[in-house]
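Labels run A, B, C, D and E following the written order; every chain starts at residue 1.
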Amino acid sequence: MGLDLDFSVVLERWPLFADGAVMTLQLALMAILIGGAIGTFCAIGRGSSNRFIAGLCAGYVETIRNTPLLVQIFLVYFGLASIGFKFSAFSVAAAALAINVGAYTAEIMRAGFEAIPPGQIEAAEGLALSRVQIYWHVILLPAIEKVYPSLTSQFVLLMLASSVTSQISAEELTAVANYVQSDTYRAFETYILVALAYIALSLVLRAAFWVLGQVLFPRQRRLGTPL
Amino acid sequence: MGGTLNANHLLFLGQGALWTIGLSAIALIGGGLVGFLIALARVSPRKAVRLLSGAYVQLVQGTPLLVIMFLGYFGLSALGLRITPLWAAGASLTIYVGAYFGEIWRGCIQAVPRPQWEAAEGLGLSRTQRMLKVILPQAMRIATPPTVGFMVQIIKNTSLASVVGFVELARSGQIINNSLFEPFLIYAIIALIYFALCFPISLLSRRLERRMGVGRAKLMPA
Amino acid sequence: MNQERIVIERPIVVLDKVHKSFGSLKVLDGVSFTVERGDVLVLIGRSGSGKSTALRCIDRFEKIDSGEIRVCDHRVDAADVDLRALRQDVGIVFQSYNLFPHLTIEQNITLAPVSVKGMKKPAARELAKAMLAKVGLSEKLDAYPEQLSGGQQQRAAIARSLAMQPKVMLFDEVTSALDPELTGEVLKVIERLAADGMTMVMVTHEMGFARGIADQVVFMHAGRVHEAGSASILSGPATPELAQFVGTGL
Amino acid sequence: DLLDDITKAGKIRIATDLAIPPSGMIDGAMKPTGSDVETAELLAKDWGLQLEFVQTTGATRIPNVQTNKADIIISTLSVTPERAKVIDFSKPYAALQSVVGCLKSLDVKSWDDLKGKTIAVSRGTTQDTTLTNMKERNLTLSRYEDDATMVTAAVSGQADCVATSATIVSQIGVKAPARAFEPKVSITNFDLAIGVKKGEPKLLEKLDAWVQQNLKNGKLNAIYKKFHGTELPADMRG
Amino acid sequence: MNQERIVIERPIVVLDKVHKSFGSLKVLDGVSFTVERGDVLVLIGRSGSGKSTALRCIDRFEKIDSGEIRVCDHRVDAADVDLRALRQDVGIVFQSYNLFPHLTIEQNITLAPVSVKGMKKPAARELAKAMLAKVGLSEKLDAYPEQLSGGQQQRAAIARSLAMQPKVMLFDEVTSALDPELTGEVLKVIERLAADGMTMVMVTHEMGFARGIADQVVFMHAGRVHEAGSASILSGPATPELAQFVGTGL
């Protein structure tokens, strides 16, 4: 063994880690909220009969899915600044993550929409509901319910991916780890700790989504089975 | 320091891109093997095997690849294993990709309709025969589109091999940028190269999906 | 003086020379019929003869190629027909019940009255109760669709349509997916509706039922009205096609 | 014993980060260059050994020697007591002259003027640690992953102040003449030393001797001046 | 001297007080019946009465809670029953045909004989041809399942089972997914099997067919054998439940 582990120096800095974990969660939540909305609209847009809108949504999804998140983050952060828009690292990081997860959410939501039987929509039309009302009351929730496990996992992946925002000075968990390890040179201890922290955060996020699912889908709560 | 982008730089980026492709191939093969075993273990009749493989997947999927790379490279040598960066990056990617493939393929195996399992059972086929002759051939068809789709993520994720000293595409861009200070130009070029590598594969996976009529959502690391 | 108001009753549903093709397939080839207020029209015919398509055209789920369709005061064939107004006047129930699986029966029924007509929630709830009583499902207010049998789901779907207080009801083989016992339940509900004076157009394969309930029977064949008349045509068909159709006992 | 191993192999493996100009970088022909690179080359030549660069990032410099993937580190490693607990340092071979540099137009003369302004640093560098520890001065830091990102932040307008080496501060103006920076406040100098795994006294002793000799004969100073534009501090030149 | 060998024929299938629950739901509640060699037993009953479950228990697709099941010489309820040996003696065909879609019809049929019985490929091919001839599908040897109609697929599935030369065949509503014409095809094949002396247990809703083929009819109701006897019980039911069931024409 080439090294002896000593966690005390690293653990001493726990308030830093706590701050980092909180920011990681905040980043993830912001990105999930905004990206979830972007993705949902984009999924609707891709099915639009307006070819411009459909093309725009498809282009967005393909561009994002085929380039690394890191590059996207750089372009948003420095790109905005050089045309005169200065935002805090946090807002830019959250925005870049939202744009990223939006593309993935769009793909998942599209699958959800496609899984709604056409008969459901006809039944709603027959009841004189408007398009918006149909999306809102009849399509959206069942579609989300169908892809909820995929969405949950995608959002957990996003939380893990938020580690690259350390590059543009967001003080999230990985940034803290990098700082602590170069301060103390206790690299193993730091990264082991951070790995555990991420695993814990994933569990927390999954639990939160489970609870949210219980609230969103009362039918599932009562009958237990997915649709 | 300074200077402008020249042919040498582009060559250097090209070299990086080759490493990216090489690492992706290693990850695909290694991860494919591990993933196959994990997928089988996840549907094993033995509960302990299912639980263990499930825990592996949970653990790996809960940890950023960056951290896995780091622990894989230095952690393994700290345990006394002398491994080169290539092996370390290969091992980490294998561990990581294996978990995702395992999950994807487990889904595909379970997507083979229940009655097919029963029909095979009713004919008196042994478990291994059922798997090999009835279930896997069908699961393989279902698995092709998501597997091809996941390759895009593998390519993008090899960029993290830079922490173990690999100068692949992203890192070679970073190194050039650090001497030229031209982030937009350099990152745009890198983005383009990644796009050129990934987009054809995305297209292929979409085509396969349409042909097989599986409109499944892709679940993938960003 | 004798104050009599003269009301000219116009047919509530009119199809006039309706043509409709899917691609090169002619599905409706000049279909005409009318339904008076309070009448029940039964559409029969072999599979593929165009019954469902005719019904769907009445509620504008399909656009027709030529001809004219009028329902209440709506010109259904017009490009600018107010779809939502039309569909408030017309209720439609399909073979697959299409209840919304994530909503309880009550929510299924109150959804349209609240969102479309702006009814208040408590009033809508009372309405739901009344409609469910009508179809004999009072105790299922809080159940989810999957907790109901097929016949119960179909009755709930009828209650959902009735809650919009339509002037015409369209039924497309509403009992085809049900076993004989459940079929009986649903037909009883429809009989009661007819007795209450609801105007209805229905596609069914239940000949015995058709005989009992129909004011008018329309036999479709190859996209045309091949024979039409009162229920008596079922006993004494004029064309060999209807004779064969009735003979199969379909 | 590491020294014996090195001698036996006839080869020394030196960990260097090639993405931190002007200490470690790549020239137009894609060859490693920089003050740390030339220092390493000098050492290998003097000792008659073959040289192998182990490319690292800032974060992996130390683990590389701890796990025997490199023999020594020459990669702007500054000496702090905290780090000395984990790794052994040779005698310092250079010094890092760091400053807070701001936009020329900014009216900053002392630490007090920096209050309320955001200072960009490279995460985990000694500038970062030092400024972070100046609690009483109430500074706001934004930490970037490396020097290049930090400079990009300055060039693009995300940061108006940076804490880094004087050399880099002057680079910003080269990239963006409209946003020229100048040194405003100086931070203490840090000693840079060669890093060695703990428990290798013989190697350490030999490195110390080498450093002393080359400081005296001016070779290290020449290398430093070539890349950083200034001389080493007088007391170091001895 | 008269050399007579005395053979004591034991029933080939025996169910004795079989109980089976899914969670809290009692599905089989003391079911007993026996099938003699060469006999055909038809299981009838309403949906959910436990017919499929009873059948599945015979081939050990479900484990029973208590009671005894014997098939040929296998104690099916024993924990250590040799499943693969049991399933060589029992053939089972389901409503959904479950041919393997990635294999040709020939490969579907030869798979088990080759892998389980170690038959040589050429011999297995001959066997496949013989079995397909038996179900009237000789020309479909190289087709893939999706190229066949539903009735043809079901007949191929029967041929696949027959190729293992089982001593008992189990059929679970093998014609439910087929239209009347295709149903006829399949029933004809089963009739021929019965004539050849195959022992069979089948669940069916085709009452006419049951009447013609059954040596024994078992009417299940709420997890119990409610009435059993020869095919004549269908014409003269003793219990009101069977009377109602037969009456509905199901």
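Everything below uses one rule, namely that a residue touches a chain if its C-beta (ideal position, glycine included) is under 8 Å from a C-beta of that chain, and two chains touch if they have at least 3 such contacts.
Which chain is which protein? Per UniProt: A, B = Polar amino acid transport system permease protein; C, E = Polar amino acid transport system ATP-binding protein.
Nothing here was measured: the structure is a model prediction, and the numbers come from that model.
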item: For chain C and chain D, chains touching each; value: A
item: Comparison of A-B and B-E (more C-beta pairs in contact); value: A-B
item: Remotest chain, chain C as reference, centres from CA atoms; value: D
item: Chain C on chain E, rotation in degrees - Cα superposition, rounded to nearest 5; value: 165
item: Computed distance of Cα centres, chain E from chain C, in Å; value: 43
item: Inter-chain centre distance, chain D versus chain E - centres from mean C-alpha coordinates, in Å; value: 82
item: Mean-CA-position distance for chain D and chain B (Å); value: 36
item: Per-residue overlap in chain B, given as positions that touch at least 2 other chains; value: 70, 74, 77-78, 183
item: Residues of chain C engaged with two or more neighbouring chains; value: none
item: Touching two or more other chains - residues of chain A; value: 2-3, 78, 187-188
item: Chain B-touching residues of chain A, taken from the complex the two chains share; value: 1-3, 62-63, 65-71, 74-75, 78-79, 97, 100-101, 104, 107-108, 110-112, 114-115, 147, 150, 153-154, 156-158, 160-161, 163, 174, 187-188, 191-192, 194-195, 198-199, 202-203
item: Chain A residues touching chain C - in the complex, by the definition given at the top; value: 117, 119-120, 122-130, 133, 137-138, 141-142, 145, 217, 219, 222-223, 227
item: Chain A residues touching chain D - in the complex, by the definition given at the top; value: 2-3, 9, 77-78, 81-82, 84, 86, 89, 166-169, 171, 175, 178-179, 181-188
item: Residues of chain B that touch chain A when the two form their complex; value: 59, 61-64, 66-68, 70-71, 74-75, 77-80, 152, 156, 159, 170, 183-184, 187-188, 190-191, 194-195, 198-199, 202, 215-222
item: For the chain E and chain B complex, residues of the former touching the latter; value: 59, 61, 83-85, 87-88, 90-92, 94, 96, 98-102, 111-112, 115-116, 157, 160-161, 164
